[in-house]
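Per-chain residue numbering starts at 1, and chain names A, B and C are given in the order in which the chains are listed.
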Amino acid sequence: MEVISQNIVYFIIAIAILVLLLVWAYVTRRMQKDFTTVTWVLIPVAIAINGVIGYIVGQLKLPVFLDSIGTVLVAALCGPWAGALTGALSNFVIGMLTNPTDWWPWIPVAFFIGLVAGLCANAGLFKSWWKVVVTGFLVALTAAIVSTPIAVYFFGGITSSGSSFITAYLLQTGRDIVGAVFSTNFLVEPIDKISTAMLAFAIVQGLSKRFLARFPRAENVQTEGGASRTQLFIAIGVVVLLILLAVFVVSRITGG
Amino acid sequence: MAIVNLQNVTYQYPLTDTPALQNINLQVNEGEFVAVIGPNGAGKSTLCYTLAGFVPHFFKGELTGVVEVVGVESHNSSLSEWVLNVGLAFQNPFNQISGAKYTVFEELAFGLENIGIPREEMKTRVEEAMELTGIGDLADRSPYSLSGGQQQRVALASILVMQPKVLVLDEPTSQMDPIGTREVFGVIRKMTERGMTVILAEHKVEWIAQFADRVVALYEGQILTAGKPREVLTSDLVIDKGFGVSRYTSVARKARKQGLWSGSKQLPVTLDEAIEGFGK
Amino acid sequence: MHDRLSFYYYRDSLLHRLNPLTKIALVFGLILVSFVSPYYWTSHLLVLVVIIPLIFVGRIGREYLNAALRIILPATAFLFVMQALFQPLEGEELFRLWFLHPTLESTLFAFRNAARVFAIASSFTIFLLTTHPRELMTDLTRRGMPPQIAYVIISTLQILPQMQAKAQTILAAQHSRGMDTQSTFLKRVGSLVPLVGPLVFGSLVEVEERAIAIEARGFTSSHVKTSLYDIPDTALDRALRWIFMGLAILSMALRIWLS
């Protein structure tokens, strides 16, 4: 497939950067500090939360997934690498227990969701409602970017989820595959991932400071000036703005 | 030489205003069975965590004073080395299931795998521990399928299998039904009869009165009094603070006020003593 | 979701006795060959020549059929239909319906991809059906995987179904009260939150005590870990792994030679 060989260079560069980052984190021992006993015990619980909430949401037939809340939680409390591992293992195990074809191809996506969420949290973007919205948006962007090549390569743009009908339609109206898949992701992802980040933040709000202090990156979630109502409204405002932006961008891509 | 030596131990959890333990002085000899009583929040759990090394290594915070077990100081040891000498079991049996193993036998072997015990010795130790705790017939069952009492005995066995020098138990029967309580107390008694040094935080004073060598009463992070069970459990200091009182003691105390229990006679702690005392 | 702890079924078969790494090598070899091989009919051949015989060797016919019919076939069929209808490959059109116009090329493309996914999914299924997680984890740890990863995977495999069962109870209670058909969507979500909340928070607060419990059992000990079980790795295992690797390399060579 020509599309793949064109983009393969970007793919290789991205992998190289990732490997370098990983090696640096390991060698400087930054990574090891994030993986305490509490981290290892949290990860299975976070994966279970991913599975349960994703399942309930699925039963409710909502147009979102909400199956990464645990991943974002670990990323915020234990850092990007723990978050990345949680995402990858989550897709691996849930796929093993239900349907591998639905979950395993998306392991890299889940990996990056955890990684980016963790990096945002380290940068202080998990300390108030509107900052969490920004985190969610960045995670959505990453998820859209990483899932596009997978959808295109493994499934020719088609996956067994609802959003693939949209892709199919866009394909038929003459769009190039990558563009079609990317536009789909751009519609669904922000809503899903911003909600995910906000729900993870809500969970953190509900846990006692004493409990949060156990985790290696507890400082990521020390809220500044309390998470007040007004901040929540600001956050909702930002969400609306971002969704409008996404719709605008998509319409430019499909129209142009 | 005391096997456990606490001198002037003061500890404060991070992000708190008051110390959880203040000026604790406690020496325990090898083979002694010491019970710790006190109301909720008195510091019993903190004391257990300190003895087991989790204070300060797990909980961080400020620990001053000397904490010594088997001659090794807490400050000089890593947590993973410390747990080889001191075993800890606590209230909630479900939370003590590692989750990493599919059968009780494997669960017991989990700790031994971690510390690198050879396979043959592993199997021997596991079988011994199962016999001690009476869970031999549960060997092939999943730990999650057991009753609370059974799970707590599995937790105890998982610690005993590590062959610690000191056993610290933090209210192991609080969440048990009467049968489970009896099972767990049975195991503890067996261990004390074998000469294990046991430190047990408990509310069930009647049982403590019968079997403990010494009782330590904690109140608001400090040792209120300590001594022989009879003395501590009938002492006014403890009774006035409103904890650690057996039913028989309260009844006899009220009776004494009414002149129905002779003033000079020792207050009873157990049923037998009460019967004997009232009978005269 | 499955309410069993794992896919695994115990049978007395050669496949069950093979070392887990050998089976992993088989799966990866199969993936490689099906992707790299230049021939159109490779995946179909693999299913006939590899998958089907393995089912008999492993004596897991009924379980495989169950998984194949319930999971693999529907997913593969869906993929086939979608790709046949929508993959933009030029060629002779097969029919035209509304905005659907599949071509011969796209149908063939879809057929090849579907067979590929089917073969890969089947091989994974066979692997999972014949390998107990504890076996796999013990072997991988022996070969150098960090034991903490083994801990996390098995712990997840046990905790997930438990949480899942609790979630089922919550949903069943809703269903029995008729909430899923009679109430508004918002009411449904509103009644779920006070139930799912404690489920989530309850499982989180356990984390602290469980961490203490496994620390007390030497989880962070720096000793070299030993294992209760010995997973055998026989000469047959090694030979098979070499064969699989050889076949994979062969198909890669074939691809390069033919292009």
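Odds and ends about this structure:
Definition applied: a residue touches a chain if its C-beta (ideal position, glycine included) is under 8 Å from a C-beta of that chain, and two chains touch if they have at least 3 such contacts.
A quick note: this is a predicted structure, and the numbers were derived from the prediction, not measured.
Among the other chains, the CA centroid farthest from that of subunit C is the one of B.
Chains A-C form the pair with the most C-beta pairs in contact.
Chain centres here are Cα means. That of subunit A falls 45 Å from that of subunit B. If you average the CA atoms of subunit A and of subunit C, the two centres end up 22 Å from each other. For subunit C, residues touching at least two other chains, in rising order: 151, 155, 159, 162, 206, 210-211, 214-215, 219-220.
Of all residues in subunit B, those touching 2 or more other chains are 99, listed in ascending order. Among the residues of subunit A, those touching two or more other chains are numbered 44.
Residues 35, 37-38, 40-45, 47-49, 51-53, 55-56, 59-60, 89, 93-94, 96-102, 155-158, 160, 164, 167-169, 171-172, 177, 203, 206-207, 211, 214 of subunit A touch subunit C in their complex. Residues 44, 209-210, 213 of subunit A are the ones touching subunit B in the complex. Per the touch definition, subunit B reaches subunit C in the complex via residues 52, 54, 58, 79-80, 83-84, 87-88, 90, 92, 94-102, 105-106, 109-119, 122-123, 142, 144, 155, 158-159, 162.
Note for the complex: subunit C touches subunit A at residues 1-2, 7, 71-72, 75-76, 78-79, 82-83, 85-88, 99-100, 109-110, 113, 117, 121, 124-125, 128, 148-149, 151-153, 155-157, 159-164, 166-167, 170-171, 185, 188-189, 192, 196-197, 199-201, 203-208, 210-211, 214-215, 219-220. On the subunit B side of its complex with subunit A, the touching residues are 13-15, 60, 99.
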